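One structure follows; several queries about it will come next.
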Amino acid sequence: MNIEIIHIVYLIASVTFILGLKMLSNPKTARRGNLIAAGGMIAAIVGTILLREEPVSPIIYSLIFGAIILGTIIGWLTAKKVQMTKMPELVSLFNGMGGACAALIGLIEFPNIAAHFPGKLGVVLAGMLIGSVSFSGSMIAWAKLNGTLKNAIRLPKYNILNTVILVGLVGYAVYIVFAQDYSLTHLYLLFTLSLVYGVLFVLPIGGADMPVVISLLNSFTGLAAAFGGFLYDNQVMLTGGILVGSAGTLLTLVMCKAMNRPLYSVVFGAFGEAASSSTSNGPQGNVTEISASDLAVQMNYSSKVLIVPGYGLAVAQAQHVVKELETLLEERGVEVAYAIHPVAGRMPGHMNVLLAESNVDYDKLKEMEDVNPEFAQTDVVLVVGANDVVNPAAKTDPNSPIFGMPILEVENAKSIVVNKRSMNAGYAGIQNELFFKDKTNMLFGDAKKVLSELVNELKNLD
Amino acid sequence: MNIEIIHIVYLIASVTFILGLKMLSNPKTARRGNLIAAGGMIAAIVGTILLREEPVSPIIYSLIFGAIILGTIIGWLTAKKVQMTKMPELVSLFNGMGGACAALIGLIEFPNIAAHFPGKLGVVLAGMLIGSVSFSGSMIAWAKLNGTLKNAIRLPKYNILNTVILVGLVGYAVYIVFAQDYSLTHLYLLFTLSLVYGVLFVLPIGGADMPVVISLLNSFTGLAAAFGGFLYDNQVMLTGGILVGSAGTLLTLVMCKAMNRPLYSVVFGAFGEAASSSTSNGPQGNVTEISASDLAVQMNYSSKVLIVPGYGLAVAQAQHVVKELETLLEERGVEVAYAIHPVAGRMPGHMNVLLAESNVDYDKLKEMEDVNPEFAQTDVVLVVGANDVVNPAAKTDPNSPIFGMPILEVENAKSIVVNKRSMNAGYAGIQNELFFKDKTNMLFGDAKKVLSELVNELKNLD
Amino acid sequence: MKLSVLKESETGETRVALVPKSISKLKKIGIDVIIEKGAGEKAAFKDEDYIAAGGELANSFSDAIKRADIVVKINPPTSEQISELGPEKVWISQLFHRLNDSLIDALSATGVSAFSLDAMPRISRAQSMDVLSSQSNLSGYKAVISGADNLGKIFPMLMTAAGTVTPAKVLIFGVGVAGLQAIATAKRLGAVVEATDVRPECKEQTESLGAKFISVEDDGVKTEGGYAKEVTEDYLQKQKEAVNKSLANADLVITTALVQGAKAPILISREQIELMKNGSVIVDMAVAKGGNTALSKPDEIVVHKGVKIVGVSNFPAQIPTNASELLSRNIDTFLSHLVTDGSFNWDFEDEITKGTLIINNQKLSS
Amino acid sequence: MKLSVLKESETGETRVALVPKSISKLKKIGIDVIIEKGAGEKAAFKDEDYIAAGGELANSFSDAIKRADIVVKINPPTSEQISELGPEKVWISQLFHRLNDSLIDALSATGVSAFSLDAMPRISRAQSMDVLSSQSNLSGYKAVISGADNLGKIFPMLMTAAGTVTPAKVLIFGVGVAGLQAIATAKRLGAVVEATDVRPECKEQTESLGAKFISVEDDGVKTEGGYAKEVTEDYLQKQKEAVNKSLANADLVITTALVQGAKAPILISREQIELMKNGSVIVDMAVAKGGNTALSKPDEIVVHKGVKIVGVSNFPAQIPTNASELLSRNIDTFLSHLVTDGSFNWDFEDEITKGTLIINNQKLSS
Amino acid sequence: MESVIEFFTSNKDIIFIVILMIFVGVEVIGNVPAVLHTPLMSGANAIHGVVIIGAILVMLDSEPTNYLALSLGFLAVLLGTLNVVGGFVVTDRMLEMFKKKK
Amino acid sequence: MESVIEFFTSNKDIIFIVILMIFVGVEVIGNVPAVLHTPLMSGANAIHGVVIIGAILVMLDSEPTNYLALSLGFLAVLLGTLNVVGGFVVTDRMLEMFKKKK
């Protein structure tokens, strides 16, 4: 009887996973979706333990509960305490835990299965192998994001090496299954090899590509869980694992696409070559990019947005789309205004001419002196094709050709997004340290094109 | 062995159905999707016949092939010969055929199942019942679209009547199953009742709502097929049926939403009340509406589009979005120009002022005399908030206040779409027979709002 | 059939009734065109252009009139011109017949038949022959340019290193053809524009050009012809209250209000002018019909307490090229209505013919 | 520390160097302002306005100069004014010192220290004190308005019942500050605008305003200061070829080309003018520096074969209110640079001070 | 209750498949533009013609002498074929108009 | 070949479920905006923590005396719990920023 009810529980849990993922792909429902999936997970775990028909020794029960309670406390605290910026590495860490769990299951079950159900041996090994790779790979990814491991370490000809190891790994596992040679030595050797492969797989990859790698390892772990489900004929593990495996793979592809990097370069470790291209001749370090869709969400959930137009707005003839952006944001209850620098553009009043053409209300145009104190209360400043007029060098660098010119003090805003086509300089021909600030994100591309995308993403948000 | 291969065939067929439906929901892949699903269907049918292990009498084989060949010829010819405008009724007809097929299976199998697998009796009855309703309902829908049945026929209190019959129908089936009373009389009575219900279900519904009804009946037939799959433990029937059942239901909901009618009014037969609201005080008959997304596809696949702006464009201040539309269409290789009537708007040059503001190229503005001969080669004319300047009464009705005024001869175009907010008259205060022409579709709504939707739909097209 | 185009004789007039482009159009309906020498000179149409287009020259107005069946001009005939006219001839020009009894009497006396272009009925079909409409439109544009030229400020808002220039505030009285074009032009140049009119439908029209409408709480009604009727004292009082605030802020005021067959209404009194800012400008487009302000004088710039009141009675004459082109098109379309294959073809039931034919001494064919 | 504002004495000048708004700003840095009576009258700033803002009046220029430590004016001093000056006083105005040796000598002789506003270096920091920039900007706008007022056509395209009015074609020579504003203004009014310049970066700037750039196949180079240098004969020849077609089609031509420290280049020869259409107009903004056309005369309208050549030497004076406001802001910012807490504070290493101080007879504090 | 659970357990895979199929059905057409409503309906209509498999099975399993079953079965196969063939062909025709003109 | 077909037949429902699940996985996140990439990855990460069920089953099935299995199992449950709990909680925190400010 219990054993039958557990199937219903599993079914429900599987459905919550599907719904959860679905809701997670929409900003409006994402949070609820996560909770729903979590609810399903709790039901599945509790059901597995409680709906057991055979008697179980109390020692085992207490061990299980002990492990769960301990895990819950540690997991909860770590997750709650971590800083916002450290979250990706935490995800990698947790992913590694899942992989390790799968690997351990394989290690434990191997002798058992070898003895009783040799037909499922392949399944056990596959789960263990993938789990181990995912574990060790995630650990390396974590260490990289963490800063413990700083550089991409590349053995000579690492591409060939990795492929050889992978082929060997799979061949070895197939050999074990078909040769029916169930010695534990083989098992441990395979385990070790898998761990090594995981390490070698991630080591050569640059830090900027870690999110893609984590997503890939994530879908590996899903696959490992699915093998577990196959092993125990357990539907919730099977469906949960496959779901993550397929969704994770798609997500990896989507992320690759967003980064303009084909998947094969991910799989074959040809990572990181282009990773440092975002810095230009300017010496000041790295810039962070933001995508139009991320910016759309950020703006949608802001209370106050200031737009700083510059000469690039004129070059791109983006005045109409900037007006559309304003209208959309205002419809969503966001306060929008324009901060006009007196010398923005190439003629006095250049911005006025443009914005009047697209019927921007005169009241929305703020003069520099009036708007400077407002930046501190601004959630997002969107700099559209302006450069010199927001260059802090005007205040800080006496050798700069623009030294002494008053500027728009956008750095005081909570977040700054700069749209321009490249890292090229503006009229004064100097680099702008604003672009390299932590709070600043770059939105590269022609203003008209990129703002149209932004407008579209905003429209898609509801 | 064969019996095992057939499972693979079925699996592949199911996957083609899924892929087919997916591709059918994108204009670019739709046609290929249909063919893929058709391929899967052929494989499933051929497999079912050929991969049979038990010997089958040649008579039966010849009957089967005969039926298939006959059906193919009739089906093919009908589908190929029918006029474009008659397609919806044909879909309804074919849907009815599917329902009848399911009903017949039920009729044949009932005694057999009753004798051998009473546990599946509910499944047989459900399939037959739903199939019959779908069959008779589709026939009525067909007759209505066909024109054979002209008006919505409503028995008094038909709502209550229908609900009573439905409840009776289900109750009766449940009774048969639980009472284990397997007399054929019950079967035939149930069959007849189902047919009657199907008729009564569709009869009260007005012609304008038929597409929704057909979609609903379509998902019914899917359900009937799924019950068949359950009956024979046949995966392709099951999955194909469920797929159509769920996709069909969603489609019905989506169509309801597009028509602004809630689903309950569909289910409870409260159809057609609002159906004739599209005609106004003007006496000239019915207008056809078009949705922004239909128009987007139509424009996307046109070679030449002319836009006729009028006073409504000015009122809505839609000049910027009309320019955006132009740009998008031109990017897609559509030739776009504006046909400017000398008195469009409320002041001489009103349209020029507006379109100059949104930077429309002067070369794209065509004078009336130059553009009138061009309409015949135009695929779509989009009239935006113009009325009097395209009113044929100026040429045909000597009593009209605008008689004698030259107009833009949009009627010569292949297709005309008129955007305005309502059926209200323009400056001259007279109704416009253009709106009632067969070639004319109305796109109701504020020009700025509706054109923004159109632009969005266009962007979503690739 | 011969048609003569006379040179305008009024001071300040620069337009010509027919431009070379119309000659070929008239040829098609059987009309040959004779041009009084130098008629188009001020509008940048040379005598050679007319000849090249197929016209003939006449050395004087009397020569031109003598040789013609139809005589066209923009302004009413001078007494010398009247003396040359006679029966069998057809005269076409603006006549303003309701305000000009003596002129009509003199003309009638010659036995000529005369059409008045300004009497064109305001029906859709006649829109292409309506000279008031085509000229008002240009005037609306020109009034703004002229206002901008007279104003010590610029129109657009400019935020510059030397401070922000605030946009000019423009207030427009009367949202007819001229008023609408004035709104459009002022908006284009970047001004903040407000407008007011007695006819309530003007609100939507004003807003359709992106400007603000000042509604007067009262119901102004329009006559059938599209012209406004005279409004009550009470209305004028309410209008004053509604606009005074805008008036005090305005940099440029343009008045266009006309009432059919009556003197233009006084919309801005001396006290109201005194409310206005030092340096502000009023352009009175109604000055030829008495003016919309208490102080305007035709073709003069009156300065009162720092406010310039510019009265221009003939704006179209300041853009003679375009104005003549449109007029010429109006007139040739009108002629196409009256003449078929070189002979007259008048339908006295027809609203256009009936409305414009002020003096009828003509038999039905020439 | 006292500052006097003199009334401008040049004919046609209507601006004033300081507007009432600046008085309080100057008070903050320890400067009290004295105004020569009626100095702001023509720019719509009344004496009362100055008093209300905290200024004092002086009855004559000699009175004003006598009472002041600093004297400001827009135009160079007249000889009467020079005779009132003396050591310990500081003079601020435009001096055009490179073209005006005798003036500089006369001034130097008085022992005065003098700053020339037109010598402001073109660096970012000085943009808010740059009178050439602020005045050119307004001139660019006004040149278009003036051109539109002189043209027999309207700017925008209008499709009307009386036919289509084609848009005016405007051609602009020199895409500096004035040229850009002219492009913007003409575009706003609906004209089809083309422009040309020696500096290649002007192409992008022109296009950023929606107009078309005519490139000359040659490489014009700019000097460091943002000014164009004199170009070769060869270049001028190529430029002629590139623009002649546009010139023949143009309705309005606006020329703004200047070369630093030299006579303005002749860009349109007599033959080229003869290419132009009857009725077209040229507005020459460089006429004060010799003019960009072969025929322009300062403050005259020359008509040559149907082409009007309008030479205006002082456009800003036609929009005195705005022009004075911007000038005043330029000057008060400049003063803030020179004066702290009521005493001079000159840094001779500073580019701005160094660049503008033409005659230095002053000790470092007053 | 008992029997429901029993039914569930013995059909758990089928039930799972049904539920997943419902998800797939809904998700797969989730973004259909309005212009494709009719072709999509028509395509789905052709797919449920898969019911013809049932009719074929009926016939294959029938006694060659059970004339009633055979004739009803014949009819069922015929109708099913109409649904399938007609459905796919009509859909294809509807979709012809999506060919780009040039 | 034979054995593949055999494997297929005996597991046909499971295979079907796997295939459908792949479809569902792909379709369900098909329209995810880029801003949700990381939270979605994190949420999916938590879901594959379902592997903990396997670890629990291992322990439930173990002999109370098989210390190696028990201790490895304990570790496995612990790690699995970390994956699940940490995963969901961290996802939730990431999603906090999607709350509308007002």
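Each chain gets a letter, A, B, C, D, E and F, in the order it is written, and its residues are counted from 1.
Rule of thumb we're sticking to: a contact is a pair of C-beta atoms (placed from the backbone, for glycine too) under 8 Å apart; a residue touches a chain by one contact, two chains touch by 3 or more.
Model, not experiment: these values are computed from the prediction.
Identification of common neighbours of subunit A and subunit C yields B, D. Set against the Cα centre of subunit B, the chain with the most distant centre is D. Chain centres were defined as the mean of their Cα atoms; on that basis the chain farthest from subunit F turns out to be C. Ranking B-E and B-C by contacting C-beta pairs places B-E first. Subunit C and subunit E have Cα centroids separated by 74 Å. Centroid to centroid, with C-alpha atoms defining each point, subunit B and subunit D lie 68 Å apart. Centre-to-centre separation between subunit A and subunit D, using Cα means, comes to 56 Å.
Chain centres here are Cα averages; for subunit B and subunit F they lie 41 Å apart.
Within subunit C, the positions touching two or more other chains are listed as 127-128, 133-134, 137, 156, 158, 160-163, 165, 188, 190, 210.
Within subunit A, the positions touching two or more other chains are listed as 18, 22, 235, 239, 317, 342-343, 348-349, 353, 356-357, 359. Residue positions 14, 16-17, 21, 23-24, 27-28, 30-31 of subunit E are each in touch with at least two other chains.
Chains touching one another form the pairs A-B, A-C, A-D, A-E, A-F, B-C, B-D, B-E, B-F, C-D, E-F.
By the touch criterion given at the top, residues 1, 4-5, 7-8, 11, 14-15, 18, 22, 235, 239 of subunit B touch subunit F in their complex.
Subunit C contributes residues 156-165, 167, 190, 192, 210 to its touches with subunit A in the complex.
Residues of subunit E that touch subunit A in their complex: 5-6, 8-9, 12, 15-16, 19, 23, 27. Every residue of subunit F that touches subunit E in the complex is listed here, in rising order: 13-14, 16-17, 20-21, 23-24, 27-28, 30-31.
Of all the residues in subunit B, the ones that touch subunit E in their complex are 13, 17-18, 20-22, 24-28, 30-31, 33-35, 37-38, 41, 44-45, 48-49, 52, 54, 56-57, 59-60, 63-64, 66-68, 70-72, 74-76, 78-80, 82, 84, 87-88, 90-91, 93-95, 97-98, 100-102, 104-105, 107-109, 131, 211, 214-215, 218-219, 221-222, 224-226, 228-232, 234-248, 250-251, 254-255, 258, 291, 293-294, 296-298, 301-303, 333, 379, 457, 460-461.
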